[in-house]
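Each chain carries a letter (A, B, C and D) given by its place in the written order, and its residues are counted from 1.
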Amino acid sequence: MTARTYAFLGPRGTFAEAAWRVLGMPDTDGQPAPSVTVALDLVRSGEVRGALVPIENSVEGSVATTLDELATGSPLVITAEVSIPVQFALLVRPGTSISDVRVVATHPHAQAQCRGWLAENLPGSVVIPAMSTAGAAQALTEGATYDAAIAQRIAAEQYGLDILADGIADNDDATTRFIVVEQPGPLPDRTGADKTTLVLFMHADHPGALLEILTELSVRGINMTRIESRPTRRAMGDYFFSIDCEGHVDDERVGEALKGLHRICAHVRFLGSYPRHDGRQPLIRKGVSDSDFTDADEWLRGVRSGEIG
Amino acid sequence: MTARTYAFLGPRGTFAEAAWRVLGMPDTDGQPAPSVTVALDLVRSGEVRGALVPIENSVEGSVATTLDELATGSPLVITAEVSIPVQFALLVRPGTSISDVRVVATHPHAQAQCRGWLAENLPGSVVIPAMSTAGAAQALTEGATYDAAIAQRIAAEQYGLDILADGIADNDDATTRFIVVEQPGPLPDRTGADKTTLVLFMHADHPGALLEILTELSVRGINMTRIESRPTRRAMGDYFFSIDCEGHVDDERVGEALKGLHRICAHVRFLGSYPRHDGRQPLIRKGVSDSDFTDADEWLRGVRSGEIG
Amino acid sequence: MTARTYAFLGPRGTFAEAAWRVLGMPDTDGQPAPSVTVALDLVRSGEVRGALVPIENSVEGSVATTLDELATGSPLVITAEVSIPVQFALLVRPGTSISDVRVVATHPHAQAQCRGWLAENLPGSVVIPAMSTAGAAQALTEGATYDAAIAQRIAAEQYGLDILADGIADNDDATTRFIVVEQPGPLPDRTGADKTTLVLFMHADHPGALLEILTELSVRGINMTRIESRPTRRAMGDYFFSIDCEGHVDDERVGEALKGLHRICAHVRFLGSYPRHDGRQPLIRKGVSDSDFTDADEWLRGVRSGEIG
Amino acid sequence: MTARTYAFLGPRGTFAEAAWRVLGMPDTDGQPAPSVTVALDLVRSGEVRGALVPIENSVEGSVATTLDELATGSPLVITAEVSIPVQFALLVRPGTSISDVRVVATHPHAQAQCRGWLAENLPGSVVIPAMSTAGAAQALTEGATYDAAIAQRIAAEQYGLDILADGIADNDDATTRFIVVEQPGPLPDRTGADKTTLVLFMHADHPGALLEILTELSVRGINMTRIESRPTRRAMGDYFFSIDCEGHVDDERVGEALKGLHRICAHVRFLGSYPRHDGRQPLIRKGVSDSDFTDADEWLRGVRSGEIG
């Protein structure tokens, strides 16, 4: 491993590797890691330059782990994100036909996504839970006692399996969002279509804290696109909030909002400002553009100097 | 008149002159002006250095005039305020006794304040409206056809009248607040117990504008102590807000709030930061002291430079 | 005087009488009252059925009196409003020509409105303050020592004066809004373009109270069209708010908001729901129509009964 | 299986079974289910009366599955909750000593919780991920190739394993919260220390929606204790919110707030009102008690009937 290496959530053949290919970072190597925790630890220890891990998805549900790992320990920041479509296929060992399939292994979320297809096409089959979709596929080649795995297409190529059926998710719009995580350093440049991720630790026993947080954002015209309250692991009922909001910390409105959050929270952990995967620019309402902030600065200077009544 | 002269709302013998004495500005002269409009025009034209006019009171009700005159025209700022108790007396020409009093003149608000005393002590009398309480007193000496005036004690001395009864207001806690108004210049120093006065012109057809204004103040922990919506005189339904809030524009929280108001309002007119007449310090909630703002500035610099994750 | 009589703020020839004619209530008589206080007292005592008094205007500034008188004493309610244009004329005794005019009397606010015309047309004249514009006109016929009065056109006819110049206000869009006040009784019917007036007394030492009030209104989609903080006359710094908001108390959204205000305020005085003078219907945002409220009631009944998960 | 049977998230020996015992529902049977999805499906099909599943915990991270399963499909409601401490032990086949342990299996979250203990006591060991802690324990008895499992104590008894070390979590305050889920029916009675769980689907492209939701709660004095935004699975960026708030839907303040949410959300799914596991009563601020609501209802009736001004 070198400083040019990026860890991704493995094994090979998962969506993480697919996401890795989509990002297309030249002159770097990818390397699978067995868990989000391990992937991030490799970044923290400096063994790899960064890690590609899922943060929000409609399949594997690994959001919580990623969020919790980023919220504690030595600081890491997000430098990029990518979203890839989730496609499921029914994979079997070469030679297996659909009529041979009695037992299917997959991750429970993938099972949930393919419930309709399974009911129609394999009504008599039993589905058993696996740790990951790629793990279910890999085990097929290592003597697993079940007949098929539901996993993504890429796993077939990876493990030498056949695809009995493709596109079997009931809802084919599903996607998973991955992030690239690195040690703190120079921020990605503003693109005008950016996202900022924060972890906000609240003062204890503070009802109304979330309303205050949202107000700090909304008075600066900033839209929040994701929020979760997570226990701090000290005891149930002691929370932090993990949020994504539109904009880059170099935007004046985001900078002032972050200062406001810093003042009212027990602790703010900045998890990065980076380009949105979809390139969608935020609607900037009247009064919160950079020039509006600059004009206001100048006006206040005049007021304080006694020039403006 | 000189640059050492201050105009006050006259005639001599009104509360304004009493307030003027309370302020006790050394090496200056006072001079009565016939109306708030005239007093402020004298400041604008440079004929006097400042003017002392009522802004909020429970007697003469002249708030609206003062507010409207300050909201338009060339800019003026408030540099001090003083509050004086409102005391009413029944004044007569020397030789008049209480049994002679059939007709009493006074300003309608003073009449309202003394309603109980009049009903008990002069049940058969008629009260006629006058332009000001001091005007009612002055006219007694100039051949007015009524028998007595309700005015403040100071008017008796001024116009050579007798005091038939003193302290006749039904509620003896009443006070009037006066302000000193000057041309823009260096601001009064921060005392820690200051007030800031603003005029906020709204964009047309903007329901919810006031909620936005209050939110800009409350997110910075600033309490508002007075508010009025006033028509802009262009047409009914087009408003501005005249507000007082706690704090000095040199306070970080007030500065940031004013910048916020500048961004969301069509126009903000700054009418001054000056010591409160009652010396009451605001309760500064957690997170909005000057050092909280300074800490947040430093933290944001670290975040933007990539040093802090 | 009878129960068919309405008092209006006199003397005859003021805007109040003009407003009275515009309202055109059949089978009723009008009668001048010397002050807002007297006019309202006549309603309270039952001597007249109602009173027509100014509540908001750009000329006489009598808002404060009206608001204060309605906020205390035995309850009264507003049943109608009317807005009339403010037109000023220069009135003289028959035979006086413009070159004879040296001294002009008027109310200071009227003077302010005609400042430009006076500077151009009567540059050398002196303006002296009067209690009301109509009073200044009336006094011309009773031996006043000045030469002309600035008042509304109607006063010329009333007092037998000549009009030397008409439409002399610098801004000819000015209007005054009058209200009809009666004893509590059946409310005016909903028209869909109504206004509700309230007086809100706050609990002592409650910073942030106004933000709470506005929030109670805004969560039910109600726009506020006027607000003033007024001292309670007990002592400076103890306030009530006088507000107008869109809608009728029979609207579901207004009813729920009023209940919310009743719960958070020390006292709420309802001053009436009545048709807007301009017939402008409010913009009712998604979720706050009467049927939205009715649907929600029904849904909650289902939830509480255990029928809906 | 019968209507007296409750499914719990199995296999036997997990925290879910421990929680089941704590709840102590008499005259009922427990039965393990392989996944949250299966457990809830058993309730929906009527095969069991209810299911006990984790909703929030610091170990297994299965919150997302539970939330998503409750948010869609035929409606279910929560009728009870219980919180149990999370205790970890190192389990081995009888005869294994600590010096024999080279490879340990467990769920990644359990590994994270025991990281410190492992580094100190088994520095050279390898940890491999398992689908659940109990599954890792169970597989030890079925020929798994690893030497030990980290799981809860109860699993030792269940699977005939030895406890080599107990209480090995780095933080021994950790807990998991479980809920009992049933088909809709009569609600649990109010206890004064209740919680209400909701799923709120937002109208598309509605920035500021969360601020509106929180405002609907806060104006009725309701504190939110958990919030998560979850993708609707239709496409990334289309969210619902899953929230817990204090109080019972039979509380007036909660009822009115729910109606408010019903009016502003695209859809509200009510997931139940039930006693809090910790019996903690909410702080009810001035103005939002049931009697405050009842008083306000009565007052509004008076206002609308014209009796109250």
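Convention: a residue touches a chain if its C-beta (ideal position, glycine included) is under 8 Å from a C-beta of that chain, and two chains touch if they have at least 3 such contacts.
Since we're looking at a predicted model, the values are computed, not measured.
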Turn needed to bring chain A onto chain B - CA fit, degrees, nearest 5: 180
Where chain C and chain D are represented by their mean Cα positions, the distance between them in whole Å: 57
Whole-Å gap between the CA centroids of chain A and chain C: 58
Chain centre separation in whole Å, for chain D relative to chain A (CA means): 23
Where chain A touches two or more other chains, by residue: 215, 218
Topology of the chain contact graph, where touching chains are joined (line, ring, star, complete, other): ring
Residues of chain A defined as touching chain D within the complex: 34-37, 56, 58, 61, 63-65, 68-69, 83, 108-109, 111-113, 128-131, 171, 173-175, 177, 207-208, 210-211, 214-215, 218, 223-229, 231, 233-237, 239, 278, 283
For the chain D and chain C complex, residues of the former touching the latter: 75-77, 183-187, 203, 212, 215-216, 218-219, 249-250, 255-256, 258-260, 262-264, 268-272, 286-288, 292-293, 295-297, 299-300, 303-304, 306-309
